[in-house]
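Two complexes, one shared chain (subunit A), two partners (subunit B, subunit C).
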Partner chain A sequence: MIGEVKKLLIIPHINVHNANALSSPYTIGFPAMTAWLGAVHALQRQLNAHDIPVVFSAAGVVSHDMDLQTYKGENDFVRSIVGTGNPLDKTGARSAFIEEARCHLDVSLVIQFDNITIDERDNLLDAVSHLLHAKMKMAGGDIRDFQPPFCINSEEGVTEDLIKLQRALMPGYALIERRDLMIDAMENGADALDALIDYLAIHHQCDKDEDGKVTWSSSRKTLNNKPAGWIVPIATGFHGISEQGKAKNQRDPDTPHRFAESIVTLGEFKMPHRIKSIEDILWRYHQEGDLYLCQQAAQVAKAKKRDPEPHSIESEF
Partner chain B sequence: MVDDFKKHIDKLIKRKLKDKKYEFDYSSWLITLVEQEMEAIHPQSEFHWELFEVLSFDVLYKQSFKSLCDSGHPVARESLEKLGINDSEINLIINSVESVDNLFIEYCELFKDELLNKDNSLNEVHKKITELSLDCSQGTIISHSPKMTNPSCKYPRLNITASNSPDGFVRSGNSPVDFDMHINATKLKVFKFLSLKINGISLLELINDKNINVISSVFLANERLVNDWVLNFNSGLNEQDLRTHFAIKQIYFPVEKDYHQLSILSPSGLVFSLKNKIDHINDRSKEAYLGKKARKENQYVISGFSTIVNLTVTRHGGDHPKNISGLNNKYQSYYLLSSSPPAIKTRDLHFPRTDFFVQTVNYFQCKHAFHQLHTLYSRDDNNMHIRAERDEYYQSVVDHIIEKMWQVRSVALEQYIPTASQLSTAQKTWLCQQDEGKVLRETADDWLDEIIQSVSTFVFHGYEKILGKKAIKLGYAEHKHMQQIVIKNKEALR
Partner chain C sequence: MARKDNVASVLAFEKKLVTSDGYMFGTQWDNRTQIVPLALQEKSVRGTISNRFKKSDVQSFEKDPTKLNAKVESANLQRVDSCALGLEQDTLNLQFSVKVIGGITQPSACNNALFKQGYSAAANTYIAEQGFTELARRYAGNIANARFLWRNRVGAEQIEVQVKAKNNSIEQAWTFDAYQFSTKDFDSNNEQTDQLAAQIAKVLASEDDFLLLEVSCFVLVGKAQEVYPSEELVLDKGKGGKSKILYDVKGIAAMHSQKLGNALRTIDTWYPEFSDPETNAGPIAIEPYGAVTNLGKAYRTPKDKQDFYTFFDNWARGEKLSRVEDEHYVMATLVRGGVFGESDK
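Here is the complex of A and B:
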């Protein structure tokens, strides 16, 4: 796809206050990928309502800073959530509450857009700034401030364009899907939870030299003897667990309803100067069967390579 | 902990200790205890109850003597050694304990009151099971607990089974889990009863399969009675409720040009299975026990061990976890894995006063890369792949420097003092965040050449310093090559 020009909208350094850090029932920390694509989609809908016919087709997120609201006592091994019991009840006591993990974030969004001419870009940028100031929320948190958004064109395979983008996003860590690590382990017989834990655990080993001296070393799981990177579990979508249909009490009776659960896979936080193409950090919506996903093109390509379609095998004979 | 085991046994045999004037023989008492024949799971004599008390005693936190023997945990052996039992007898005891069915312990625990009330009669137990089967109508077997979203959600009640596939996702179907149950908090015994496992199959499955023969032979009940139980259980168990609730998060997911509405539920089986696995790896496995002990004493141990850190603990239902679900009551709390990005600004970071390459980065931080490079240099063959791998390691060192550079820049405004700094002009331009420096950084290039030179020297000398005498002497050409790699990162270093 060398030569394809991507039009990108960058919203740098969005400060989000009290974002939802409970991204799935298994993870705490950076909000789920669905939250970011959801925010971008909501922004598109609001722009469309203001007669700006923009289409946001993909988005990437770069974290510059995160402040997770958890507490760890002096001799504690585990952390606990710092909750707020607001508002106080009529006697002045704290009301009962369900623990909700929160975090404060400083992130940049990279959004691929279409359907806008160069002349309309200023209009788009004004509207985006206006909406972000006015009524948008992101990952359940309030937007405190952000730097002025801007548009750039990035041609696939053109180094100067990529460098320009990388410099705009540094310093930070882009979220990248590493489902390949999980697939690899699961194809070798591990169950999903074991595969996930294995990459997150610290493995302690010891060696004994000829003199009988013992040295202990600790490491994370490596991939082909190389450190796998800053690997974290991330929620990237949902798994439908019931048939599509109607359910009593659904928010909107005209939209098909399903029960679903969060799905989690591995991701990596990588400094943008390491990416080889802008496509490496972009995520897109994808729905297939029971799976409702946010995924990256690179992972789809890897999956196809791993699982060639039947007719391609036939064609070899 | 191990001493507690002795105390517990002494308490059990108090009377016998008093009677005998000579020293009590723990070994023969324990051997007779664990070797006695058991026709059924019902305790028939006082001796059986003693066996139950010994096996179910928690020697370690939430680990009974029986479970320690089953997993081959060294504490089982240590606690027997404390009783003065010799090696061969210890082996005999542990083997016999392993052969005792877990069902016996769980059954005794569950029906302790009924079994102790009347001697040698199972009528009370049968009556209790009948009662449980009737109580069952108040509950539903579920796989996803809505009360984990909000305790006021009494529905939906779903029990789903999903297929397994290596698609790389943690989701229902991709990991075996226990079933969960919604039931009135006072009737939780139904959940415990259905969780009993007979030859590895839960009672729930046997009831669903209407396997009357097995159930009647285990509980020594006549088939008509068992048939009644199965009918009662079945009528209550599988009633699903497909209503969603206003407190359940309902989200829209874009599908082509339309949306699907998804009600998000927590898969309680997976959540608590994760807790179980983490506890096993961190604390309960014999590898963790042996490894932690060996590391403390700096001893050698073959197997090694793992730890999972940065966990956050959370719970549902506060002081009343039983109000949420059966599994929630069993495990009480669960863990959340950390998904936080690395921090750029850290509290222990100091802005360099004289030289970034001495005070901020050091060769040992890149030890792994240099050792891997040494392995590559030492190889006899030299091909495209090896050269590519070598370049990757060079790159990883450069990446480390870039990361440190940003970290230092993040504290530059607070920590840089122009009058006290002895940094070279190039490094000042590179690291300081003052406005005039920033402009120069963006517009000029000469300072950057100096930095590039320093970075490649860092890579070159780093290898020699880390490997010491073992290092292979690298030529000018290799230094030049390193420089090429660094130059590729010119803009990232700017």
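Here is the complex of A and C:
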């Protein structure tokens, strides 16, 4: 890995409006990783259709700002989703409200690309700008604005290259996979859902001192007596639950269809200045048997060390 | 061709007029150097009971009039959001952007190749014959007449709309005096709107072009007057007790993008009741059933065979519509976007 030169395309500060905020089937928040890799893949296909033979092999996403459309009044216990009204139906009656969580985002994408020479780069950048304006959506939201994309070469292990990238992405939070937390907890006997909730739950407890004074404190699960980080639940792929075949009314009649369920695991938002190598924030597609995953190399390496058996579904329920 | 063979059960079009949220600022009409973001304010007001009483209540009041007094005298306490200009500011400045994108001949999702072919042919014919000039003229008219201000437009002394094209290739700017453009019809001829319309039409008819418009609108409403951002739709507000929640983005009062979009596509003067002076609602927003939310009425019902689906199903399969206005309406609905799949049962 050290010495490998990565060609990176950075699209800084994409402003996405009204994106789908379902980060997994059970939670709302930052859009799922599948949405981001999907958008990058869609961009590649659009570019290929414009005779630019680029290959996008990996992508990282850095969140600079996120505005989740929820509302919480002063004394409210829970947040409620800010909805959208739908047009009246054919009789003029109000149609049903569909609760859909939306968010406004400011994200940067880091895309590793190949198959493009230095001379073709300007062409690629123009085409990317054009497509982002004219064709692309991200996580179902409209792209309102973005800063000019640019390419850099980055050699693994070279500190200057890493710093250059970090500077381009700060301040922000890169989404990192933390399935190791799930694996750890499940090896200690926790069931998948418990392991997930354990890291997310906030425990409130009160202490009464001798004078009868009550103090409340809140805490989350710690890791080695340190805060575990900014841990969030995310969907990182799908697990096929039926054979490939034809389904009625499938979206694309020419491609085999398969029913699947989301794979939910933990992720962490981490400031890019804390990463040691660019590979740490890059996600790649990985397909194996029934699993269609977005995953990170560091996590795969960790899992391999721990478990010689490659088949370990860490969090599927 | 048997109808059964070309039913697209998955069919979707993405919107081709993409509006941003509208941000609200306060400034002075004669001196626009200082433009300050407007913030929401929370108000607690002691209102009065003014609703109609239930029948049973009315009967009990007749027996015992003091009950009525007790009821009316009890205060109606409310906590609401509001938004107003500052003491020195007499002008509201609303800023938003509109992106026009092309590629209407391709649906964003369609699972029937036969249907897609037929639709693309029909759309290409429309573009060749009409070139989107009529729709673009109306969209441009709705930018020029500042319909997107909604309630903020009411009672304003002067309204100035500044539009800038922000593409790399196009550097053009227009300024409109909104009161020179009617909101009741689109008959006015104006060189400036024609220019703007030409740009919009070109992009809508294109394969994958785009046009970025930045709109900045100045509305002279008077010092410290109230202005109206969008109200948020929160279904279960909890116990917080605020009855009206307005929209803001990072502390800046704002109007929803959907609301601005609805104003821009309020171009439908082709529905049957438009010609009837009694029931005429003016131009209505382009909707598959011609729905107007604040009137609680749908102007294009399937019963009258004037709705989008009636027209679209035949038109996309190669039939000509009897009026060119109906074609305008169908294309405008596709510009609006939506999910139009048909059950194949």
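The rule is simple: the second predicted complex is superposed on the first by the 285 of 317 C-alpha atoms of A that agree within 3 Å, B and C clash if a C-alpha of one lies under 4 Å from a C-alpha of the other, contacts with A are read in each partner's own complex, and residues count from 1 in each chain.
FYI, a contact is a pair of C-beta atoms (placed from the backbone, for glycine too) under 8 Å apart; a residue touches a chain by one contact, two chains touch by 3 or more.
Note that this is a predicted model, so its numbers are computed, not measured.
Trainee: Quick one: subunit B and subunit C on subunit A, clash or fit?
Mentor: fit
Trainee: If we overlay the two complexes on their shared chain A, which of subunit B and subunit C does A:Gly73 touch? Say first, second, both or neither.
Mentor: Only subunit C is touched by A:Gly73; subunit B is not.
Trainee: Considering only touches as defined above, state whether A:Gly289 meets subunit B (first), subunit C (second), both or neither.
Mentor: neither
Trainee: Tell me which partner A:Asn249 touches in the superposition: subunit B (first), subunit C (second), both or neither.
Mentor: It touches subunit B and subunit C both.
Trainee: With the two structures laid over each other on chain A, which partner does A:Lys135 touch: subunit B (first), subunit C (second), both, or neither?
Mentor: After superposing on A, A:Lys135 lies in contact with subunit C but is clear of subunit B.
Trainee: Mind working out whether A:Thr91 is in touch with subunit B, subunit C, both or neither, as first, second, both or neither?
Mentor: A:Thr91: touches subunit C, not subunit B.
Trainee: In the superposed arrangement, which partner chain does A:Gly3 touch: subunit B (first), subunit C (second), both, or neither?
Mentor: Once the two structures are laid over each other on A, A:Gly3 reaches no partner at all.
Trainee: For subunit A, which side has the bigger count of touched residues, subunit B or subunit C?
Mentor: B
Trainee: Between the centres of subunit B and subunit C, viewed from subunit A's Cα centre, what angle do you get? Round it to the nearest 10 degrees, please.
Mentor: 90
Trainee: Measuring by CA atoms in the overlay, how small does the subunit B-subunit C distance get, in Å?
Mentor: 6
Trainee: Report, in rising order, the residues of subunit A that make contact with subunit B in one complex and with subunit C in the other.
Mentor: 77-78, 80-81, 99, 249-252
Trainee: If you look only at subunit A, which of its residues touch subunit C in the complex?
Mentor: Checking each residue of subunit A against subunit C gives 17-18, 67, 71-78, 80-85, 87-94, 97, 99, 104, 130-131, 133-135, 137, 142, 144-145, 249-253.
Trainee: Applying the document's contact rule, which stretches of subunit C touch subunit A when the two form their complex?
Mentor: Where subunit C meets subunit A, its residues are 9-10, 14, 18, 20-21, 97, 99, 101-103, 109, 111-113, 208-210, 212, 232-242, 245, 249-250, 257-258, 287-289, 291-293, 296-298, 301-302, 307, 344.
Trainee: Can you list the residues on subunit A that touch subunit B in the complex?
Mentor: 22-23, 25-30, 34, 38, 41, 63-66, 68, 70, 77-81, 96, 98-99, 101, 163, 166-167, 170-173, 175, 179-183, 186-187, 191-194, 196-197, 200-206, 208, 214, 216, 225-227, 230, 232-234, 236, 238-242, 244, 247-252, 255-267, 269, 271, 273-274, 285, 287, 290-292
Trainee: Can you name the residues of subunit B that touch subunit A in the complex?
Mentor: By the definition above, subunit B touches subunit A via 143-144, 148, 150-151, 156, 158, 160, 162, 166-172, 174-176, 242-246, 250-256, 258-267, 270-271, 273-274, 277-278, 281, 291, 294-295, 298-301, 304-316, 318, 335-345, 368, 372, 392, 396, 399, 402-403, 406, 409-410, 489, 491-492, 494.
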